[in-house]
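Below are two complexes that have chain A in common, paired first with chain B and then with chain C.
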Partner chain A sequence: MASAEQSPVTLQHHNLCSRVILLTRKIRSDVASLLESYVERQGLDRTISLDLVDGVPGAAVEQGGELTVAERLGANLQAYRAFQALLGEVLEQQRSHLTPLDTDFHASIQSVLLQVAALAYQLEELLALLGHGRPAWEAAGPEDPGRRSFFEMKLRGLKVLQELAHWTVRSVRDLRQVVKHSQGSGTAHGGQAQKE
Partner chain B sequence: MLLLDSPGNTECPGYLVTSLTLSSITLYMANTNNTGCGSTVLSCVFLTGNPAVISPQDPTLVIGSSLTAACSVNSDLHLKAEDLYWTLNGRRLPPESYKVLNGTTLSVALANLNGSRQQSGDNLVCHSRDGSILAGSCLYVGLPPEKPVNITCWSKNMKDLTCKWAPGTEGETYLHTNYTLKYKLRWYGRDNTCQEYRTAGQYSCHIPKDLALFTPYEIWVEASNRLGVAVSEVVMLDILDVVTTDPPADVTVSRVGDLEDQLSVRWSSPPALKDFLFQAKYQIQYRVEDSSEWKVVDDVGNQTSCRLAGLRPGTVYFVQVRCNPFGIYGSKKAGIWSDWSNPTAASTPRSDRVPGVCDPKSGEQNTTLRRELKQFFGWVKKHAYGCSNLSIKLYDQWRVWLQKSHKTRNQVGKDPSPIPYISVPRGRWAGSSGVRCPPPASPRPARRSRVSRSTRLPPSGGCCCSTVRSPLPPWEPLSMALKGHLACCSARPGARFHQPQ
Partner chain C sequence: MANPVPSACCVVFAAVVMVYAQKHSQLDTHVQYERLGTDVTMQCGAMDWDAAVTWTVNGTDIDESHLNGSRLVLRNVELTHSGQYACYEGSSWHLKYQTYLKVGTSPKEPVLMCRSNNYPKGFYCSWHLPSPTYIPNAFNITVMHGPRDLVCEKDAFPKNRCHIRYLQLFSTVKYKVTLTVTNALGRNATTITFDEFAIVKPDPPENVVAKPVSNNPRRLEVRWQNPSSWPDPESFPLKFFLRYRPLILDQWQHVSDLSIAFTEGQVVGGVVVLYRHKPAASSYLL
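Right, the complex of A and B next:
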């Protein structure tokens, strides 16, 4: 009954949210498998302490209750843009230094990388549909990987995958909030100023 | 004197510095076999932002060598050397191997190192007492490459060249080893490097174009890893001598009329070589559906059809054909066999007799055989004038005649018309199924029957390849008897049960 009252824009927004959630779940599943093969190939333990590794966006939400829809989606978008760059770095390090012969493994990283790029694109679309501007790419680029030791590269790759896995969990939760919010407000627009 | 080492160091081959980071400058010595080098660590570490630094960082070592590594903690952390411990690939190393070098530096001695457990290097990690990672270093332990051996090359239709090789007698180096295939025209060419690797297996490379004919190439492979370089012997070859081709196209397998133990195989010669002067020879292999064992017929010669004989009735056979183009532009080399064609399947017609419960009693069988032999020799007397005309063709004709006489008489349970031709690519097949009991009484000679066109042998260029098989088909006793008779009549001693070519 509620869906009968939805405007075409709301419906479009709902559909796009569903697609984003679907893709996020797929990434989560793929990253879980990739993590398994990653720790095996690097000779690492999944419980290894990664406190030393910085520069990877963490999924922990400090002010979850106070974020607007735009802030929520913007944070997701920025995170996946960062992961796009970080996964590219990880892939290059594996190809060039750590596992140069393991082309299947490289292909599995590449696959996740492509999905993350697609997810970032879909989040941009969602922001635009909701009437929010697309946040600019953050200027801070990746560090020069040539400065890192091989062991640091391994740890960094593990941290990237672990945090990506955490982000996919957070994103599904965030997107559900966005859907709920838009249904509650009855329109896809106007979420920018509203607090949840 | 300070000596900054590099992979090119020849004084101490096991003495390598693979990185020089902003956080430390390290000079170290790792003992390798029989080099006379010590195993002392000389570290000159300038800590910056990292909590600790391991030296050497990411070293490469020969299997069996020893290593002493040092972990220097940033003094700002207020950690003592005694607070640290080491792990290798996640396993804690025994404290007996540690040595406190100064208040903030702990070393560990590793002896007789094994090859690296993973391609990405073994993880040597320095931890604080609570288990946190302070620093890590990847160890690459392996062997220098060996000379690649057994270089073999082939050219598909003279358009390209693919070579493969073996990595050496020992094989495993535990280190990422790069292989580079190089080639040049023998007398006046310059070195070229192959670009497309792993096209025909792990150790292979493909040169897709720009190859010259009638001039030999020199081909060799260079292997290199972190511990050295090895170059293979040079192989010399002319493209014309290593030509192979595509598998024969259009392979069809069909029944030979109602003959229960034969199938006819036909194929086309490789079209890619039609403009070249060459000869071709072919091989056929076939197997029954429920077996993985192929039987090879290697006396097919240069014909493009062949009749397989001695097959089991009512059985599905998979057939493949391959081609060897040789003598291209007069080349004296043997040529290289193509891949086998995709399997083509067909079934032989079912026998009128089903072995087992439906078989007549053994006494009846003997009687039947005797009667059939009598019929056959009577028929031969009537239709063949002397042994010189006796051939498998005649025998086939007689069998068709006999089968037709059975069918005429036994109308019960008669099959629809036999499938004249079956050809199903890629292992699929079509055919009838089900069994039928033979008639209760032995066959009686009927009037002379005409031989259908489909049972005739190929007009020319065919061959008939008889094979040993088991269990015996219904006609086997008669075939064996006939074989003996043919052997007596044959002009060639030891002649096989073959269609004359």
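Right, the complex of A and C next:
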């Protein structure tokens, strides 16, 4: 909770964090629904193994690992930037090959894509507000999407949505850690490592 | 002067006890496990087939109709056949053989379930057999997360539960838990695989209180708290579902998607019940 002693920058930081958390929760809710309709439309089983699908940023993090605020937010930003590109690919494959007539489905993917783009933008803002540089865009992977079979496309889409769903849960926790850290240090600028 | 007779008696008695003890210690009392419903044949040590012997169960003589020569034959054994069996040489009453018979069954596929009620700290797995085996069983559990073997720390009580700490969070790699049960008559195993979020099931809300609203006798105020086992409700907020019904009606009314920020729900008077909803477990997480 913001106190009367907090500086305008700290307040701005808390407000922005709150907005990012709200947006992340909204994305989580939408991705959960999208996952349901995705497996139904593609005829997939949620329990299918996706271990061999690569090129999707994993949300997994070791318990007890230490990350600075900049590292934490930077990892989130890089992930959502990657998901922007990956969701764009998924949408294009659905439109062109897999479900060309299902415009409602395309709209729901598009909606998540836009929210992910907004989230990446807000994370950039937050990093700037905290005095950290924005990480550079990472180059796209060497894989050529045109060489994938339809089944591989379906699996990849599922992996993208599953990892995105996990990232949104992780992000809420990361953002809470950032807020806690800034409250603990009494400043919006945090650079020290925090325990998970 | 002391009377020598009682002393001599004691010496003789002690010698008899020692010989008796030696005879018994020379025979291992092993446990013989047999399957329920089968025929069991016991041989009287190295005694010949036609030797005269006496069989006892728990110290009581067994009728000769159960003998085939010197062998004891128990047909279609039941649980009541369990006990200590002994065979004595007919004339000398020397103990020739003894065994403890335990009648039981091999284990059926064990029932295994895993649950995290304190996410993101860890989860626990518990198990039971669908039917009793009547003989001792040993359980072995292995927990794998991808290629990693995780430690499952067993509780002192209850004994059919163990705890696993999450080494990784937010992972889409599946967990695989295998429980193997073994006893003298056989073995069986169950394997389950699941996602990290799929087993998240918080405990019920705590301190649920419904009280009348002053100046409004037709309303109740309901308050509750997060389960104390839930360690980080800020990062992983819970949703609550409330149902209620006036006493005169049979149908329940539902209020869904309540979060802890709205701890003061107001509902029409009647019976108020808060309950844990059971949808897909991941819906507990926002």
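We adopt the following convention: the second predicted complex is superposed on the first by the 183 of 196 C-alpha atoms of A that agree within 3 Å, B and C clash if a C-alpha of one lies under 4 Å from a C-alpha of the other, contacts with A are read in each partner's own complex, and residues count from 1 in each chain.
Going forward, a residue touches a chain if its C-beta (ideal position, glycine included) is under 8 Å from a C-beta of that chain, and two chains touch if they have at least 3 such contacts.
Being a predicted model, the structure only gives us computed values, none of them experimental.
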{"item": "Touched partner set for A:R170, first chain B, second chain C, both or neither", "value": "second"}
{"item": "Partner chain(s) touched by A:A32 [first = chain B, second = chain C, both, neither]", "value": "second"}
{"item": "Which superposed partner A:Q162 touches (first chain B, second chain C, both, neither)", "value": "second"}
{"item": "Partner chain(s) touched by A:S149 [first = chain B, second = chain C, both, neither]", "value": "first"}
{"item": "Contacts of A:D51 with chain B and chain C, given as first, second, both or neither", "value": "both"}
{"item": "Shared chain A surface residues [contacts with chain B and with chain C]", "value": "49, 51"}
{"item": "Of chain A, residues touching chain C in the complex", "value": "25, 28-29, 32, 47, 49-51, 58-63, 159, 162-163, 166-167, 169-170, 172-173, 176-177"}
{"item": "Sites on chain A touched by chain B in the complex", "value": "40-45, 48-49, 51-52, 94, 98-102, 147, 149-152, 154-155"}
{"item": "Contact set on chain C toward chain A in their complex", "value": "120, 146, 165-174, 193, 196-197, 232, 234-236, 282-283, 285-286"}
{"item": "Residue numbers on chain B that touch chain A, as the complex places them", "value": "19, 21-22, 51, 57-58, 89-90, 117-123, 125, 131-138, 176"}
